[in-house]
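In the two complexes below, chain A is the common chain; its partner is chain B in one and chain C in the other.
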Partner chain A sequence: MNPTIAMITFRSMLGRRRALLLFVLPGLLLLLSLVLRLTDTNDMEVDTNVLQTFALGAVLPLLALIAGTGVIGPEIDDGQIMYILTKPVPRRTVVLTKLAVAIVLVTLFAAVPTLLAGLILGAPAGLTPAFTVGVLVGGVAYAAVFVALGVLSRNAVTIGLLYALVWESLFGNFAPGAKKASIVQWALSVTHSLTDASTVHPAVSLPTAVTMLVVVTLAATVLATVRLRSLTVASAE
Partner chain B sequence: MTEIRLRDVSRWYGNVVAVNGVTMTIGPGVTGLLGPNGAGKSTLIHMMGGFLSPSSGTVELDDEPIWQNPRVYTRLGLVPERESAYDFLTGRQFILAMAKLHRLAEPGRAADRAIAQVEMEQAADRAIGTYSKGMKQRIKMASALVHDPAVLLLDEPFNGMDPRQRLQLMDLIRRMAAEGRTILFSSHILEEVERLAGHIEVIVAGRHAASGDFREIRRLMTDRPHRFRVRSGDDRALAAAIIADGSATAVELTPDGLAVQAADFGRFTWLLPRLARDAGVRLWEVVPADESLESVFSYLVAR
Partner chain C sequence: MNVSTIHDIGYRHYDGKRLGRAYVTRSIFVHNLRAAYGLGRPARAKVMPFILVGIMLLPAVGDIAVVAIAKRPEALFPYTRYQFMLQLIISIFVATQAPVLASREIRFHTVPLYFSRPVGHVDLVLAKLGAFATALFALTATPVTLLYVGGLVTQVPDSGEHLLHYLGGLAACLLLSLVLAAIGLVVAAFTPRRGFGVAAVIAVLIVSEALVSIVQKIAEHTGHWTMSGWLGLCTPFTLVDAVAVRLLGGKEGVTVPSGLRGGAVALVLCALIVAGSVLVLHARFRKAGLS
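Here is the complex of A and B:
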């Protein structure tokens, strides 16, 4: 971890107008929860649905995509990364710092809103803390994957969107096998283990889920470090 | 004394060879890397800066490889060509961050010194996004100088600068060199390189075309055969006179006048009016046909 790199990264993510984008989805989640609660139309089924489909299934992947690719992708694109890479700082430190910033952002803009949404809904059976932890662990894995994607590809956002939308939602519905290779499902498995509610149905068992979350997070971080070590800056000519 | 040594360095992208078998040593003082656009200057500087691996050959800083070796950055400063710095930071915040990344003992002091070196004290507390091109170039320069490196690499530092900014930057580079640093800058403008560089390396089409101080490079460039297009009252008679005199190696009669290949630039331009007068031919137009830098460079490569 390097505080200087963290400071620059936070300022580039939050110090500009595009930071407002980060507030849109969590804002909608809170608004929806508030409306449901005020109209008193929610039961355990609805609460689970909001937290699982909206918070875990949509807010988390999209926010992790914005945060994960945003902490490093644009910097590589416009060459600013040169100012960081021309310093005697190990590339591992650069990647870990970027990842830490992404995780903090995901916590602030996905996990905290999930907690707040659950509290507003007054979700029963420990759903609120269970989903908050689920979003948090899923967020760590997502952030690692998207940081790696940001280092690997100039089209990180597109690829990430395809993964989050097509793979996780579409394929998951048609091919049950694909569901097992999904960060959302692994996170859901963690959530399931923390709640007594009968409305949460994960596709994978807890040991598999935890193993996969750890493996994917580590593999993505290592990959990002290796690729950053031999980052080739496109020639201006 | 710190040197950058390239030994038989080549770099290719797929089938395209950007740099081809370049061997050179960059020592203390100002070295200009001269060549037309697309000659491979940036590719070379990126390899010297550790942002590109050589496809073959070695690039070393005092016997240490530069590629995948972040340790070299304690002795090396790089000013990239691209304009973007962290626009949302002020100049001082930017330089201070760079000093901290270098883990300098007194980052605040180092930042102040670097900002003073490039004379940016006045604007140091404004966001970089509000800077002019010349100011951005200077703050980038300060970011490369903050750790007082022995070697400084500048990629096209004068691009887009107005004449006053250009002079200021030249002064700054001269001062840096006077302190014993090894400085390399790239440019496609002969005049810039001539005014600043004690030593010139010429790169054309990825090859190392020439090397020397500016007098040698000038001589190489003016001593080459020159082509002229000459229009006159009587092209045939003039052609005969030129051939008889022997100051040209080839004369061709074309619909647009004579195409003359002069053996010696100086002698030919001095002789032509006399030849014409003696032959009773009126000269209408004498145009150098290949004065462009590109043709000068291509001559150096073909040599």
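Here is the complex of A and C:
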């Protein structure tokens, strides 16, 4: 961990209008929950639907994508990463710091709003803490994967979108096998183990989910470190 | 005493034909159209658009194969439904390519260079919007055309009716291209930072879709069917689908407002979106064009 790198990264992610994008998505989630609560149209099924499809299924992947690729991608693209890489700071520290910043951002803008949305909705059967923990562990895995993608490829955002939207959502609906390799489903499995609500249906069992979450997070972090060791900075397009 | 002589250091003047505004605008259009598919740029920029084009064509090819081999003409996808079925892929195309057209000049502060030529602010905006809409039309209309040709070759019955539906499908593709190009370029023009533009555009398209479908489900749950239909006008894909279903004779899929009135309102909304985006982009590029 390097406080200077962390501070610079935070400033580049939250500076000026960029933070707006990060506020809009959780803002919509809270607005939706508030409207549902005020019109009194929510029951357990609706609560689960909102928390599962919107908070866990849409807000989390998009925010993790913005945060994960945003902490390192633009710097590699415009060559600014050289100013960090030429300092006597281990590459491992650089990757871990960037990852920590991404995780903090995901926690602030995805996990905390999920908790608030659950509280606003007054979700029964311990759905609120269960989904908050689910979003948190899913967010850590997503952040690690997207930071690694940001180091590996210049098309990181597009590849991330293809994975999160096409693989997890689209293929997941048609081919149930695709759901087994989906971070959202692993997070949902963790959620399922923490609540006794009957409306949560994960596609994988808890031990598999926890193992996969840990393995993917570690593998992505190691991969990012290894790739950053031999990074070639090409000129901007 | 002639003041100008001290500046005249003997360069020859250009006396040839000046190509003018129309030529510059056409050049910008062609350049942006090529850029939307990564043509004239390194291979890295071509990978994503052409992968997405490939994914767009796959279901059409598969469907024609089913129709031809299993001899089931009723399995042919309805032309107006195709873009709706593959809206995720179209959204990703818009998200990845809109920043290519709208963000790069703003990010590198090169917009003033355009306006040092005889080109107006509106010309630049219309050329960019037209180029992106054309690129999107190529993306959406090609598989629909493929379906129609496949239907002709496998001799699906009622060819006259199919032709009408096909033309309706093309009109829907054109409308969708215009609306998506308008939304995509506006969002991308305001998020010049690399990567952020992609995320912002996809957030607008996907989150509006997710949000509206949840609210629609709840409205239907509580019996507000009319309200649910009108809510459908809040996302670009359902908006265009409303026009396609109500005015162009498309097959009904999702909840859209009923009657011709619903279609007309949707069409007016589409026109408003496109006109509004021209205004916003005009203001944005004029500001970026001040050096």
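Criterion: the second predicted complex is superposed on the first by the 234 of 237 C-alpha atoms of A that agree within 3 Å, B and C clash if a C-alpha of one lies under 4 Å from a C-alpha of the other, contacts with A are read in each partner's own complex, and residues count from 1 in each chain.
We adopt the following convention: contacts are C-beta pairs under 8 Å (C-beta built on N, C-alpha and C of every residue); 3 or more make two chains touch, one makes a residue touch a chain.
Quantities reported herein were computed from a predicted structural model and do not represent experimental measurements.
J.: Since both structures carry chain A, what do chain B and chain C do when superposed there: clash or fit?
T.: In the arrangement built by aligning on chain A, the partners chain C and chain B fit side by side.
J.: Who does A:Ser193 touch here: chain B (first), chain C (second), both, or neither?
T.: neither
J.: State whether A:Leu25 touches chain B only (first), chain C only (second), both chains, or neither.
T.: The answer is second: A:Leu25 touches chain C but not chain B.
J.: For A:Leu62, using the defined touch cut-off, is the partner it touches chain B, chain C, both, or neither? Pick first, second, both or neither.
T.: second
J.: Output check: A:Thr208 vs chain B and chain C. Expected answer is one of first, second, both, neither. What do you get?
T.: A:Thr208 contacts neither chain B nor chain C.
J.: Would you sort A:Leu162 into first (chain B), second (chain C), both or neither based on which partner it touches?
T.: second
J.: A:Asp78 contacts which: chain B (first), chain C (second), both, neither?
T.: both
J.: Output check: A:Asn2 vs chain B and chain C. Expected answer is one of first, second, both, neither. What do you get?
T.: first
J.: Check the residue A:Leu231 against both partner chains and state whether it touches chain B (first), chain C (second), both, or neither.
T.: first
J.: Output check: A:Pro90 vs chain B and chain C. Expected answer is one of first, second, both, neither. What do you get?
T.: first
J.: With the superposition applied, I'd like the minimum CA-CA separation between chain B and chain C in Å.
T.: Minimum C-alpha separation, chain B to chain C, in the superposed model is 11 Å.
J.: Considering only the contact definition stated at the top, list the common interface residues of chain A for chain B and chain C.
T.: Residues common to the chain A contacts of chain C and of chain B are 78, 237, listed in rising order.
J.: Touching chain A in the complex: which residues of chain C?
T.: The contact residues of chain C facing chain A are 41-42, 44-45, 47-48, 55, 88-89, 91-92, 95-96, 190-191, 193-196, 198-200, 202-203, 206-207, 210-211, 214-215, 217-218, 221-222.
J.: In the complex of these two chains, what residues of chain A are touching chain B?
T.: 2-5, 7-8, 11-12, 15-16, 78-80, 82-91, 229-233, 235-237
J.: Touching chain A in the complex: which residues of chain B?
T.: Chain B residues touching chain A: 18, 37-43, 46, 49-53, 68, 70-71, 73-74, 76-78, 80-82, 84-86, 88-89, 97-98, 100-103, 143-144, 155-156.
J.: Can you name the residues of chain A that touch chain C in the complex?
T.: Interface residues on the chain A side: 17-18, 21, 24-25, 28, 32, 36, 41, 46, 49-50, 53-54, 57-59, 62, 65-66, 69-70, 73-74, 77-78, 154-158, 161-162, 165-166, 169-170, 237.
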